[in-house]
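Structure in structure tokens, see below.
When the chains are written out, they are named A, B, C and D in that same order, and each has its own residue count from 1.
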Amino acid sequence: MTDTTNTPHRHIPDRLDNPVKSAVFSWETLLVLVGVAIFTANAFASPYFLNEWSLSDLTFNFTEKAVIALAMALLIISGEIDLSVAAIIALASTLMGMAVQWGVPTPGLVAIGIGVGLACGAFNGFLVTGLKLPSIVVTIGTMSLFRGLSYAILGDQAYGGYPADFSWLGQGYVWWVISFELVFFIAAAIVFWFVLHRTNFGRRIFAIGNNALAAQFSGVRVARIKFVLFCLTGLMSGIAAVMLTARLGSTRPSIAQGWELEVITMVVLGGVSILGGAGSILGVVLAALIMGLVTFGLGLLNVPGIVMSIFIGGLLISVIALPILYRMWKERRQ
Amino acid sequence: MKLITTLAVTTALAAVLAAAPAYAQTRIALVVKSLGNGFFEAAARGAEEAAEEIGDVEIIYTGPTEPTAEAQIEVVNSLIAQQVDAIAISANDPDALVPALQRAMQRGITVISWDSGVAAEGREMHLNPSGNDLIGNTIIKLAADHLPEGGDVAILSATATATNQNIWIEEAEKVLPNYPGINLVATVYGDDQSDKSYREAQGLISSYPELKAIIAPTTVGIVAAAQAVTDAGKIGEINVTGLALPSEMAAHIKSGASHSFAIWNPIDLGYSATHIAYALATDAATAEPGSVIPIGRVGEVTIGEDGQAAMAEPFTYDASNIDEYSSIF
Amino acid sequence: MTQPLLTLSGISKSFPGVRALHDVSLELYPGQVTALIGENGAGKSTLVKILTGIYQPDEGSITVKGEAVSLPTAHAAFGRGITAIHQETVLFDELTVAENVFLGHAPRTRFGLIDWGRMRAEAASLLQSMGAGIDPDVKLKELGIAKKHLVGLARALSIDADIVIMDEPTAALSQKEIEDLYVLVELLKQDGKAILFISHKFDEIYRIADRFTVFRDGEMVGKGMIAETAQDAIVRMMVGRSVDHIYPKTQAQIGETVLTVEGLSHPTEFADISFELKRGEILGFYGLVGAGRTEVMQALFGITRPSAGRITVEGREVAPKSAADAIEAGIVYVPEERGRQGVVIGLPIFQNVSLPSLRRTSGNGVLRLAEEFRLARTYTERLDLRASSLSQDVGTLSGGNQQKVVIAKWLATNPRVIILDEPTKGIDIGSKAAVHAFMSELVGQGLCVIMVSSELPEVMGMSDRIVVMREGRIAGIFDNKGLDPVTLVETAAGIRSQAA
Amino acid sequence: MIRFFKQREVMLLAIIAIIVALVTTRSSGFGTPRNLAAVFNDTAVLAMLACGQLLVILTRSIDLSVAANLALTGMIAAMINAAMPGVPVEVLIVGCVVVGGLLGAFNGVLVWKLNIPPIVVTLGTLTIYRGAVFLVSGGTWVNAVDMSDRFKELTRLVFLGLPMLSWFAIVVIALFVLLMARTSLGRSFYAAGINPTAATYAGIDVGKTKFIAFTISGMVAGLAGYLWVSRYVIASVDVARGLELQVVAACVIGGVSIAGGIGTVGGAVLGALFLGVINNALPVIGVSPFWQMAISGAAIITAVIFNARGERKRGRIILKSAEAA
């Protein structure tokens, strides 16, 4: 045992679990089943559901939020959170609206929207990583600040008059019933999946989320990565602001009110641990689809929105609680 | 998991059964700014009344949880998917709803707006509860009638983004010169939240010691302002007036915090919107300037050059008639 | 013969997949210290948790003063007069000393409310009686680790317990503080209290214990009177075999200077640190807890920022601003706090090993799992890691095996200098020997090692030269040839000074 | 250190006093005792909720469902009052505390027994409770006419120059001070937050402590439900929407550490008063109400930075003793 050089070494296998087996018993499988169940239920419940335009409209219920959720997932996996995303949309949209009044053309507007998002994200990132403040309170603060600035600028006014080509970003279709927003979301999801699960950067995010201190002691530049993630979340919020503004064709300070909670719900429902360190992009994408299916399906039945939100809240708690309850029940039986 | 599936399937079956006989009818969706608002509940009752009168009409009363344009678009999208025959909407934003409603029109759905309007390109016509100028004049007049010597008045509005409130305030400011001595000192916003409106009213009371009247052209605001005046012990000194439902203001009329207020009848508004939507959806009428559309017991409306029509003059309520109406709406 | 104050018999406890204790028994006698001895993982901590009401035994009985009892909660254990001073200071940083002493059993006023005045007074007199000059009104976080331990002890005494459990109480204490603790233990014995004393250090067991009980792999394998038993006999019981070479230090070829530190200073933690490290050398850092050794190492590793000084590695000046910079410069650090700073619990073994080397295992930033597995296997097998697979969560490994993962992680980066901070603290004798053997092997291969240790035998047994630190400064640098341990202890304590 | 924390509360009090003084120079009516009493009355509910939230945050949790809880219990109370005016208001108040407590306990059970992170639990119950208001009321409002006089009057009755609403708050705050300073339960919230492991060894059931914190927070929210509805004489789905973040903000401004274990009742109350003064001062000095949100956001950020500076003021920073686990 004390001799570490001469005796042949004990072999340690790479893995024990069959990867197929672990994939079958995963959170994502559960989400797929829930999604299929809801899809089937929708198809039975409403004769209008199985229609290409209905399915296309359905995607507008979640794409913008889901675009933010992709970045939020990375941020939450790293152990931080950003409650200011909806407020970033408001501020970015307001400044885009302001630019319209000065006659800025579409590319300029897009740049402004994305730039403002990035700047807001960088501000959050600076407060959290530079001044070492807890992200939950920082972003409660910036949530008021960003939206507050939007109110201060716009007051009781609204910005409109967006150029026609700008509105394509929120309303246009790339091909048949496939909207630009959906295409962008799918492309972004693939990029985020690749970054999180297939790159060093992604691996470091998981390491930080599991144990930031040990990650730092292993040479991971924790503050820098967290800062980048805040910027990324701001950037995606800026992009969501562009798409939402283009879809609405107008800006008011109350735009995207309450979205932060929906985005976080999406991420948590997708199996991302709110404590950090675990989660997958596939889960988030599935959760976004499920939320879209639920809200659109209930909408087709003319269920009031507030009842839908009960459903979403219940779904959030129950998908997390049920596996725990099941495990407790199994343990008790043993 | 199992629970969710069971729930979903049960809901599905129930919905199929309920929806089955609906196909032959004309389905009119009454879309409101947000559910849970007494004004819109009353309008929905009017719509049901009209539906019963007409016969083969099914009313879908719906709206988002939060009064935002995004949420309302989701509701409109699901109505488009259901291929309803007509949408009558009170909009949270005049511009943001336009693309969604245009899509609805392209799919052959009749779209009108009522109460809070949509920009002209997003609807076939707009039904104003009353003329904007009439309302603007009324709210100032309500205050002036009780201030023969003139004095300071302030306006407490709803959210700063509410289209109709802003238009009325604009109209009110226009007619101000007709009321000499009436001095509009401030316009504040209570966001249609009781606590904020209350606080704003308190702020007005303490900042303007000479304040004689608070005008709140919104029902949450007027109730909160009346309460603030009562709590400040200023009954008799400050008159609260504006637009509100009689049931909500009955207590304050009796206490004297408010001498009078006005409102159009929301039941009639829902009733009229339904009649107009039905007429347009069944091609019994066309939405062009000058066309006259009959609206049952309320009479008829004429569509103006701007594609808008006004239902009726606001009706004033005071101590003499409040009891009669407060039990109705 | 006196009756035992507490008797455990037939205690068993299992966790999913692990049998922690099997049919163990233990007696504690009034006025006597019973040492509980065993390697890590032998079940000592589980036993302590059962005695303090944190865990419930699956089987077996507990008898206190002849009465069969059950201890469903920590509160119930309190009620039976059982108290524990834990390995780490498990107290409350943000509360005052007085409240730390009395939390949960504070003196009350007539109305049942907490009587702060009496609490402060009682805490003050208790601390005074222990000879600890601690203000009961300061917050605990203002105190150093040793004083925190004293507060923990005061807390145990305040409960007026009959049975005191001390779980490695000297692990974080300096030599002087350990002496003070021994005095307190004597006082407790004279008071007729029964003491369970858990320790890895044989010298102290022989110094203060009256009896011993040895656990191995969750079973009781021997007990007896200390005075009648030889040290080897106990060691054999512990490990089930005899350990001959605890310190297999072999002399490596000492080469040219690799690391030079000149005048390294920090505003609050240390000042004017200068030393050299040569190829093939093990440099021991000895000193009392709080002498600033860890802080110096963390400055070399880029975690703490020094205010002045020069660091050169192989002739090139480096100024690490982060661990990443230090790793690039060839300096790596095995931290003392393995669980918090060493391993990323939640990630599998192979990802822990590859974490600092990702740049090399990946292609343009894209992960290559096969490369990572290869890297991880090379180094973990070399260290004889005991794991069922490389995809196993590192958190499921024992302390010793986690330490091997940390070392493997650093070897994979091809370092120049390895800093080991208390490398064998809290790991069992078997793993300890493996770590020591491996250190010898490393220097044999031309690496150089800095080893921070508070264990005198370890420092003396492993180092070529020894740096002694005291109050943030270097108090002396000694060649280990023929060095008298008394010199080291006295230098560290400030009794003797040496011009290095 | 105790002295330092006391100083921080004094500092916050001083800042509030300076704001009041500055506003008074612009509008003389603001600084009068009468108006300040009105501001306090206006802040009463927020201050009470902040006390409840304090307990939850101390135990390293967060309760985002308080405003929804308030709306639900308030609606239930108003509907019972409207349907059965004969039920004494005192009974209704006790009922509100019980219902609110049950809603809080539901959060607590999920956190305690199922170990679900508090932010997830209360994010879920926030939407569920808010939706439940709609379900029980069917979307309709309960108006002044529907409420009994006593129901409306109880919060306004003036006693020793202050309305009863203020007295409710004063009593609740006093009870909290007593609870936190002088009872073992109160101290156990601190212990559980500062060091859960140590708390367990000291005989404190950390999970149960969290459960109790959520229950108490719910009870306060329930009481606030009645007070709110009575004060603004309206019960609707939208009541107190978004108030949860203001409650958390009040705690943060008052120096409560979101990481748990640090914070005082005085701090939480002062944090609430700070927000109350700002909210009341802006319309008075004629700052556009549209700036209100941005200002309170900036105040929160400043407070967090300030708190962090305070917490970091330590002598020797030795990494390994930073968190004695």
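Operating definition for what follows: a residue touches a chain if its C-beta (ideal position, glycine included) is under 8 Å from a C-beta of that chain, and two chains touch if they have at least 3 such contacts.
Everything numeric here is computed off the predicted structure, so don't read it as measured data.
S.K.: Among the chains here, which has the CA centroid at the largest distance from subunit B's centroid?
M.R.: C
S.K.: Take the average of all CA coordinates in subunit B, do the same for subunit C, and state the distance between these two points in whole angstrom.
M.R.: Spacing between the chain centres: roughly 72 Å.
S.K.: In whole angstrom, how far does the Cα centroid of subunit B sit from the Cα centroid of subunit D?
M.R.: 34
S.K.: Calculate how many whole Å lie between the centre of subunit A and the centre of subunit D, each centre taken as the average of the chain's C-alpha atoms.
M.R.: So the centroids are 30 Å from each other.
S.K.: Residues of subunit C that touch two or more other chains: which are they?
M.R.: 303, 340, in rising order.
S.K.: Residues of subunit D touching 2+ other chains?
M.R.: Residues 134, 139, 237, 290 of subunit D touch two or more partner chains.
S.K.: Two or more other chains touching the same residue: where does that happen in subunit B?
M.R.: Residues 35-36, 65, 160, 189 of subunit B touch two or more partner chains.
S.K.: Write out all the pairs of touching chains, ordered by chain label.
M.R.: Between chains, contact exists in these pairs: A-B, A-C, A-D, B-D, C-D.
S.K.: Taking the complex as given, what residues does subunit D use to touch subunit A?
M.R.: That would be residues 62, 110, 114-117, 119-121, 123-128, 130-132, 134-135, 139, 237, 245, 248-249, 252, 258-259, 288, 290-298, 300-301, 304-305, 308 of subunit D.
S.K.: In the complex of these two chains, what residues of subunit D are touching subunit C?
M.R.: For this pair, the touching residues of subunit D are 1-2, 178, 181-184, 187-188, 190-191, 194-195, 197-205, 261-262, 314-321, 323-325.
S.K.: Can you tell me which positions in subunit C touch subunit A when the two form their complex?
M.R.: 245, 248, 301, 303, 322-324, 326-327, 333, 335, 340-347, 350-352, 355-356, 358-359, 362, 365-367, 373, 377, 380-392, 409, 413, 430, 433-434, 437-438, 441
S.K.: Mind pulling up the subunit A residues that touch subunit B in the complex?
M.R.: Spelled out, the residues of subunit A in touch with subunit B are 30, 33-34, 37-38, 40-42, 44-49, 51, 53-54, 57-58, 60-61, 151, 155-156, 158, 160, 167, 171, 244, 247-250, 252-258, 295-296, 299-302, 304-306, 308-309, 315, 318, 322.
S.K.: Considering only the defined contacts, which subunit A positions touch subunit D in the complex?
M.R.: Touch residues, subunit A against subunit D: 81, 127, 131-134, 136-138, 140-149, 151-152, 154-156, 253, 261, 264-265, 268, 274-275, 304, 306-307, 309-310, 312-314, 316-317, 320-321, 324-325, 328.
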